[in-house]
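Chains here go by letter, A, B, C and D, matching the order in which they are written, and residues are numbered from 1 within each.
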Amino acid sequence: MPKKFVKEFNVIENSALNATNFLIKVQSDTELPEIKPGQFVNIEIKEAEEIFLRRPFSVFEVDYENDVISMIVKILGRGSRKLTEIKAGSKLSMVYPLGKTFTYPSADDKILLIGGGSGVAPMLFLAKESGLPVENVDILLGARSKEDHINVDDYKKYASLHYASEDGSLGEKGFVTQHSVFTDNLNSYTKIYACGPDGMMRAIAKEAKAANVFCEVSLENLMACGFGVCLCCIEPTNKGNQCVCTDGPVFNINDLKW
Amino acid sequence: MPKKFVKEFNVIENSALNATNFLIKVQSDTELPEIKPGQFVNIEIKEAEEIFLRRPFSVFEVDYENDVISMIVKILGRGSRKLTEIKAGSKLSMVYPLGKTFTYPSADDKILLIGGGSGVAPMLFLAKESGLPVENVDILLGARSKEDHINVDDYKKYASLHYASEDGSLGEKGFVTQHSVFTDNLNSYTKIYACGPDGMMRAIAKEAKAANVFCEVSLENLMACGFGVCLCCIEPTNKGNQCVCTDGPVFNINDLKW
Amino acid sequence: MVDLKVKLHDIEFKNPVTLASGTCGFARETAEFFEPGLLGGYFLKGTTLKNRDGNNYPRMAETPSGMLNAVGLQNKGIDYFIENIYPDIVDYDTQLIINVNGSTVEDYIALTEKVNELDKINAIELNISCPNVKEGGMAFGVSCPGAEMVTREVRKVYDKTMIVKLSPNVTDITEIAKAVEGQGADAVSLVNTFLGMAIDAEKRTPLLSTITGGLSGPAIKPIALRMVWQVANAVKIPVVGIGGIMNAADAIEFMLAGASVVQVGTAIFKDPMIPVKIVEGIEDYLKRHNMQSVNELIGGLQV
Amino acid sequence: MVDLKVKLHDIEFKNPVTLASGTCGFARETAEFFEPGLLGGYFLKGTTLKNRDGNNYPRMAETPSGMLNAVGLQNKGIDYFIENIYPDIVDYDTQLIINVNGSTVEDYIALTEKVNELDKINAIELNISCPNVKEGGMAFGVSCPGAEMVTREVRKVYDKTMIVKLSPNVTDITEIAKAVEGQGADAVSLVNTFLGMAIDAEKRTPLLSTITGGLSGPAIKPIALRMVWQVANAVKIPVVGIGGIMNAADAIEFMLAGASVVQVGTAIFKDPMIPVKIVEGIEDYLKRHNMQSVNELIGGLQV
């Protein structure tokens, strides 16, 4: 029985969340396997010149009832741009489900989820899946300015929402690591999860290590295959070079050489 | 002052003429140069994987009033198929106008235009442009069967229409060279023009030579550049290897090594 | 029923479609997508005597119709393979071939001796063409004396099918092929990757940590196909064709040019099911062309 | 204002963008699209002593991100050029460089002596790397003695800028580059096409009349870039970079790798205006990066 699949999904929605972020929903005509936060899909960018490899995107939501998977795609370069132009009704080939999930919190955990850039999706997914009461979950999202933030008000039922923006236009001014939930209360959390730009995750990891708080990050290393055969996506860890696509993308910061 | 151009045209129509032939109309936002039958455009097939070069197509009609050029595209392989999927409203990059035209008939000429396969467009264009009274112009179109023929009734005002089909489902049964206008009356024509599959043109040329009738054919050799720099499209002639894209595509059969 | 079986020296493949070394891990990874028994065989990830960490990240760059890699033979060493991986895959109903890599001739010999103990492994592929390691690797594969030496010494200790994998980064690949044939190679496989480079124009830095890396994918197919054609016409031993095979037509082209078996590499990054589709596509082709056996394709180019 | 002027030995190009031999005819053809004075220069179609018909049709096959050609140096010979073409183009406000091709060393010498008489031609490109001719051509370019001989003998009769065009079909291109530098080449240009092949799987025939042909286009860019980088680090004479350049970023990458001038080839089949867009793109890049002169790019890769 295969555990991973290559399949053409039907695109049922592609809507702009803001100027650079798009919500893409795709439907399968067969039953979906279980998919957890942190896991990702590897998407073929069709009919695009000079794009040879697939592009990995975290799963944002899974609707098992309708066999629908959603992703939040941020425009970074040629492939992601092309992907955000896809029309409902067309097909999308995905390899799925890839990678491993986070260490789920236990009932008494208080968790902080930090997302930035293209790393917001797995954080929101984890908030929803955590199973914790809303008061035990804080989400902190960072972006350059208000316009770069997406509206996540739906997640108020799962978590308290906090924002940081470099220009101060939404929430506190500055980077996520300068935000008060981070600077003032880091020790109040028993688990921190983060996904976003490398620099952001490294800064978070540094503080979390200093504060001795459990912290997992979801890495976005460049990938060729996405299923562990090419060894291109490696991250140096205390267990040697590990594959972000199969050993990760989620890593405990204590295992990383950061 | 440039004589050849690279330009993005607006696609204003793409309609199926039958299962494999499509009429594509594109509009320029600048004035068109003069374009004559036999001349062609070299079209970029965008957003297609593994298509690197442009594809040449004969001009079928020119509407100088609205700066519109039409082509008839027959699906042969990957590029032509992709092209026939283009939507009105999109852009099409063309290099134009390329190649040379036919030797125009004089007022007292009686001409026969023979088209087959992807070679119908320049024949119809020439019929229209010939300036001859309808009784001096015969068009003979060949195809496998009725379904492969396109409807050209509009050209009744320029010419008498004759059809050959291999299965006899439209017009006479057989190849164009077996058609009665060809077998019985070849000497009644002062000029014959042909465009279509290599085999068809060679068969026509053979008979025309035997009958000593003036005959020009429009060749469709494989092209890389379309404007005379790569020397890939060559045809051996009595003047040496000539470029179909610049010395042709129209050649007098007496110049060919057929 | 068409017959897809092919022989390479004295081992039989149920069909000519195999996976290339370094692109199929140790076969277990693709088994998550499809039954390994569907393919003719697997050329397992390049293995060395000792653990190798490989090169630093980034190791990959996308290029027009292809990619560069600079993995640098990351693997846990032959002993780890024998103890921890081999038992997992020993029952796969397909040919498993080990791709061995040394910095010295002694390395190759030591590796081969260990492989000799593995009953399931009926063939060895000597990689003398890896462009991504500092010592050994391609150095052996780009000169006749180097290629000859490795082949000759390994031949002395290995009785099963010995395939030598050639580098395309040479002036005349037929010279190298003939040299290894002369030293007892049972087959040659070609090509390994082309040494290439990619630059980030905006940042003005190389895209790979190692500056240069190995080019693979459809971009190299025309060159690889030419080399397979040349080598198949120059040697008597069978040829394994590799380089940019993406579909059944590509695989058939390599066989027409003279390959007995093909390896699919980079294509599976694009679609892990491609190898299975290629098997089906070849079968369909044979039926459409009224051929009884896939062997009719080998060297069947009409020139 | 940014300065786009570059020097190659002792001739100056108004900008580093030139067209590659065999892809721009004799410059007149592109003049139907744009003013030739917009470009740094033209490397004119490969010219031989006598008329050559070239190879049979078909001479071209499309490949993934590239194409194969087997033109085989069709041209009307140097005398025809001097009498019928040169007068047409002599007033173009750009560098015109003749690409000369011989079957023997004597051919190269005889050709060069004729080129010597042409005042407008400030440089010659010795093509010792054409893969599409039976005699001469690439044979000279794939061995050091061959390359040295042609270079040495032509040097004796030519005082202006002598550029030697290298073949990529070699094990170590730096050896050839150093060899021709040693014999007095003023610059090297690289790369010519890679020997490749294409097959029609359905018809089971080669797509080119000559079976093999020369691969060009973006597919080869990573390999060409690597070779330019290696050669620029191995020789002191300037390097002309060629291979799959499609846009300004590609051209800049070649310059960062060490090229002083670039040649655009196959790209103009795709879009005849690309060379002009590349000049504009380089200018824009320099402005965005606060650079005064395009010379700052040459060899500017940060490693």
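Convention: contacts are C-beta pairs under 8 Å (C-beta built on N, C-alpha and C of every residue); 3 or more make two chains touch, one makes a residue touch a chain.
Values in this document were obtained by computation on a predicted structure and should not be read as measured data.
Counting only chains that touch, the fewest steps needed to get from subunit B to subunit D is 1. The centroid of the Cα atoms in subunit C and the matching centroid in subunit D are 34 Å apart. We define each chain's centre as the mean of its Cα atoms; on that basis subunit A and subunit B are separated by 55 Å.
With centres set at the average Cα position, the gap from subunit B to subunit C is 48 Å.
Within subunit B, residues 50 each touch two or more of the remaining chains.
Annotation for subunit D: residues touching 2 or more other chains are 63-66, 217-218. Under the stated contact rule, the graph of chain-to-chain touches is a ring, a single cycle where every chain has exactly two partners.
All chain pairs that touch, listed by label, are A-B, A-C, B-D, C-D. Subunit B contributes residues 2-6, 44, 50-54, 93, 95, 221-236, 240-241, 246 to its touches with subunit D in the complex. Contact residues of subunit C toward subunit A in the complex are 22-25, 29-30, 32-34, 45, 51, 53-54, 57-60, 62-67, 69, 71, 74, 217-218, 266, 268-273. Those residues of subunit D that touch subunit C in the shared complex are 63-66, 68, 142-143, 169-172, 194-199, 201-206, 211-212, 215, 217-223, 225-226, 229, 244, 249-250, 252-253, 256-257, 285, 300-303. Interface residues of subunit B, counted against subunit A in their complex, comprise 46-49.
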